[in-house]
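Following this line, the structures themselves.
You will see chain A twice below: alongside chain B first, and alongside chain C after that.
Then we have the complex of A and B:
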């Protein structure tokens, strides 16, 4: 529910989107003196990488919006690496090597960290199975007692009337 | 003096609570009514006592008693009076006192209710409420004392202690450190009390649940008694969450409202179980089923409330070391573990007495759909809890710290939230006990067909994101189903009672406030979902460095940077404030002043956005950087947050719906009005 996106696909789409906007802004801008300075690489390119990283000090603040001096230096590092022609993945790897996996917004799905991703779906499936079993047992127990005939023609009106009667 | 008084009163309150617990236990065991009544009086007494203690602390805060360490750490002379007073919940020690004060208030309110129909619950409700209160009071007295003062030891170092260490003299700093600047915001003044109110009021349903288990009165009485408490708790918790989001949006300066931060999740988790509980108790009331499950939910909610209180102010989950070093961490976990184990053991010992009365008969019955709803809420809870504690587990077992951030939560919970929306569209059409597939199909086909117009229209007009199409379709579907429920209900009333439509609508909602209040809440959720989809999937951002007079474009908007001023504000901060003009489609629509405040004492920067709001969305600009000597310009980060005001508007609808559902019944109001004020006291004798 925030600046990140539900799936990698969506995230990739957004990164592209942001880049495209940035690019479009650069391309479509008339070459007049009243134009924003566009350093190479642009702030948007730097932020596209930075928003996927977290510095170890400012907990839970993504790097692209963190106002501290330290984070500004990290962004500067990203800019330098981009200038040197590094890819996004190379830059992320560099930060992981330097500061550990905690700089990533979510742990890489390897080793123990695989559990992060496996447990919630597993819990859902197990929970679903428990619910399914419970419902089946209940239905089986109820079957001998013949179920009443299916809903009447205007089932809804009947329900309302019944409820109103009960309330009054 | 005041500090001593406040502390002494706290100690007395703790003793009173312990007495109350003992008297209630003794009274319940021996059947001596007088002891139970005495325990109740003890519970009623805690509120005035904690009030007195809290007032002492507020007086110290307002009158700059910096020799008190808590006052020194959260206030300063330059802060306005209202901020000094509300700094009561600006730090951990004060927050715990404030929590205890609310707890005592709710315990007293529960104590004052009419007990004639459920007297056997009384001693156990007293025990649970007072044990909770006593736990918090002991935490304050033993570990986090807001009245502790600063002393200079003979050796020269400064000691924080309640009473003078030998040979030490009192230290009175000239000024305090002041409140964390992030907390100096109206949202932050109201948000913690709302959250805490929500937390504390969930203790009452738990107390009644436990009382029902202990007394073996396992019908749905405890649920009927606590229905309104639960709704009120849920209302406050929801408001606390929304206000927290609004505060983040206005103050934290990252263009969002929810960052899946452990502190946010800590407040969200009891809300999840509470929401599941609100739905599943209906199954017990209507069908006499799921008695075990409701107990499990109320126990979980209570434990998560304590967990949330602990997490929101301590931050000790950030690392194993922080946890081990904090004095209250182990105490909290011990208490949560004990209450969880004890409650579960109690539940297991009563397992066979909680057998359901009815059986499910149809797969599509409303109770089955509610079961699915509960499954989804609990699965979201599992994902949240797991995400919050995994960094600790990882650090413990591999020594490696990891961040479990938004991408994880969004990926795991996103589909489940979508599932909840779908259920919200189907469940209102199903019936209790049995729903024939055919009749449900007949009811669903029209809203389903009509709602498909929305994604089709969107797809034709160029929206191709599948998540967005699915989300907007669900929103349309739930809206149609919910509105048609109102419509058909009103038509039925018009036919039966010959009422005019508006009257019929009013009476319909008035006669079954719980159901129609619930539907209004659903409509609020749909509006919020629209806002969330808008921001999540269509947020745009750009950043650029502009010289004065230059402009930057994002979407339909153009922003020009006009000027920037740096100045010192009276409350010890350096303000850099930019003036920008916003144009939409070439028309000037607003002048915005994004700024960066730097607080000297705490050495903390704070980024306050400039926001231009419309129904379509927000233009949200942050001042990210600037050169003090104007020429090379300032850097701005701009977000377009489409549809975000649906989120805020939806939350108002949501709150309105909860008020409708929780509003006291007229019959009951009349019944209580007839009882003279002194009657309760007399009855109690």
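Then we have the complex of A and C:
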């Protein structure tokens, strides 16, 4: 039979307590730096927003591929906003507020910009109608005549036949 | 052989109305495109009444150009990413210090820029006259600027009297401002 002296038990309990505290600290330790370090948006995430924007300085060059310093600053702004938890739409709204609606790759369907959305389908419909009319006209022109030849032509044929008979 | 009769054509009056509408629409569209092209190609506003605008500075002050009537106003468009702007930054600050007591206001309009870099630029060049972002690029569109730097000079009556495209030096600044501040 083993006998445990009370002081030995107390020491064992103390050691266990210290181990438990240490284990708890080890388990919880990785969580602290993860909370402190904000997730950094990747270049792909930044470019996903940037490609929907155009810098007015570099016309016709989407922000994600624009090489100027101004565009680099804009991309950095997008990165900061994404890091701060802004949504894609919130970032686009911010850029419109700061630099105007012309920074958007797809202009909002308001005012004159509405024409951008209306004209192409309208032109398609009108063009289709013109083609339909043209094809119908061509088909009508190409259709063989079912009506008898005019009387003058008939008379001409009759006279030729009569002349040929006379020569036989 | 059967001959299917063609569907009846629209009445001439309806056809004419359709054509009229079509051509009118096309003419309106062409006019719109032409007007847009004209505005794009027109270049900066260089004379006449200066376009009115409101500038909210980086310090939160709101400045209306109309409120500055009676003063000579120098409106400078710049950006932190603009290298030629750096050439004139010190000149503009020196001009502000020289003419501020002679009824001249300087306003800096930060064009298509990001605020941290713009503030750093102002600190770097020690610029103290009011500066603010061109929110929505409304001011630059009103002046129809083509780039930065551009500087506009407005006399005491609110008339645009001179436009400087590109960086300005002290001699040119003085040659423009001296006649304007002379009573």
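Assume the second predicted complex is superposed on the first by the 101 of 168 C-alpha atoms of A that agree within 3 Å, B and C clash if a C-alpha of one lies under 4 Å from a C-alpha of the other, contacts with A are read in each partner's own complex, and residues count from 1 in each chain.
Following the convention adopted for this analysis, contacts are C-beta pairs under 8 Å (C-beta built on N, C-alpha and C of every residue); 3 or more make two chains touch, one makes a residue touch a chain.
All figures in this text were calculated on a predicted structure; none of them were measured in a lab.
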Which superposed partner A:77 touches (first chain B, second chain C, both, neither): second
First (chain B), second (chain C), both or neither touched by A:97: second
Superposed model, chain A: greater residue contact from chain B or chain C: B
Partner chain in contact with A:68 - chain B first, chain C second, else both or neither: both
First (chain B), second (chain C), both or neither touched by A:55: second
Touched partner set for A:106, first chain B, second chain C, both or neither: first
Partner chain(s) touched by A:114 [first = chain B, second = chain C, both, neither]: neither
Chain A positions touched by chain B in one structure and by chain C in the second: 56, 68, 100, 102, 112, 115, 119
Residues of chain A defined as touching chain C within the complex: 55-57, 68-70, 73-74, 76-77, 96-100, 102, 112, 115, 119, 126, 136, 140, 143-144, 146
Contacting residues of chain C [partner chain A, same complex]: 1, 3, 6, 22, 29, 32, 79-81, 112-114, 117, 133, 135-138, 141, 147
Chain B-touching residues of chain A, taken from the complex the two chains share: 1-8, 10-11, 13-14, 17-18, 21-22, 25, 29, 34-39, 42-44, 47, 54, 56, 59-62, 64-65, 67-68, 72, 100-107, 111-113, 115-117, 119-121, 123-124, 127-128, 131, 134-135, 138-139, 141-142, 147-148, 150-151, 155-157, 159-161, 163-164, 167
Chain A partner contacts - residues on chain B that touch it in the complex: 252-262, 318, 356, 359-363, 368, 371-372, 375, 378-379, 382-383, 386-387, 390-391, 393-394, 397-398, 400-412, 414, 416, 431, 434-436, 438-439, 443, 465, 467, 488-489, 492-493, 495-496, 511-512, 532, 536-537, 539-547, 549-554, 596, 605-607, 622, 624-625, 633, 635, 637
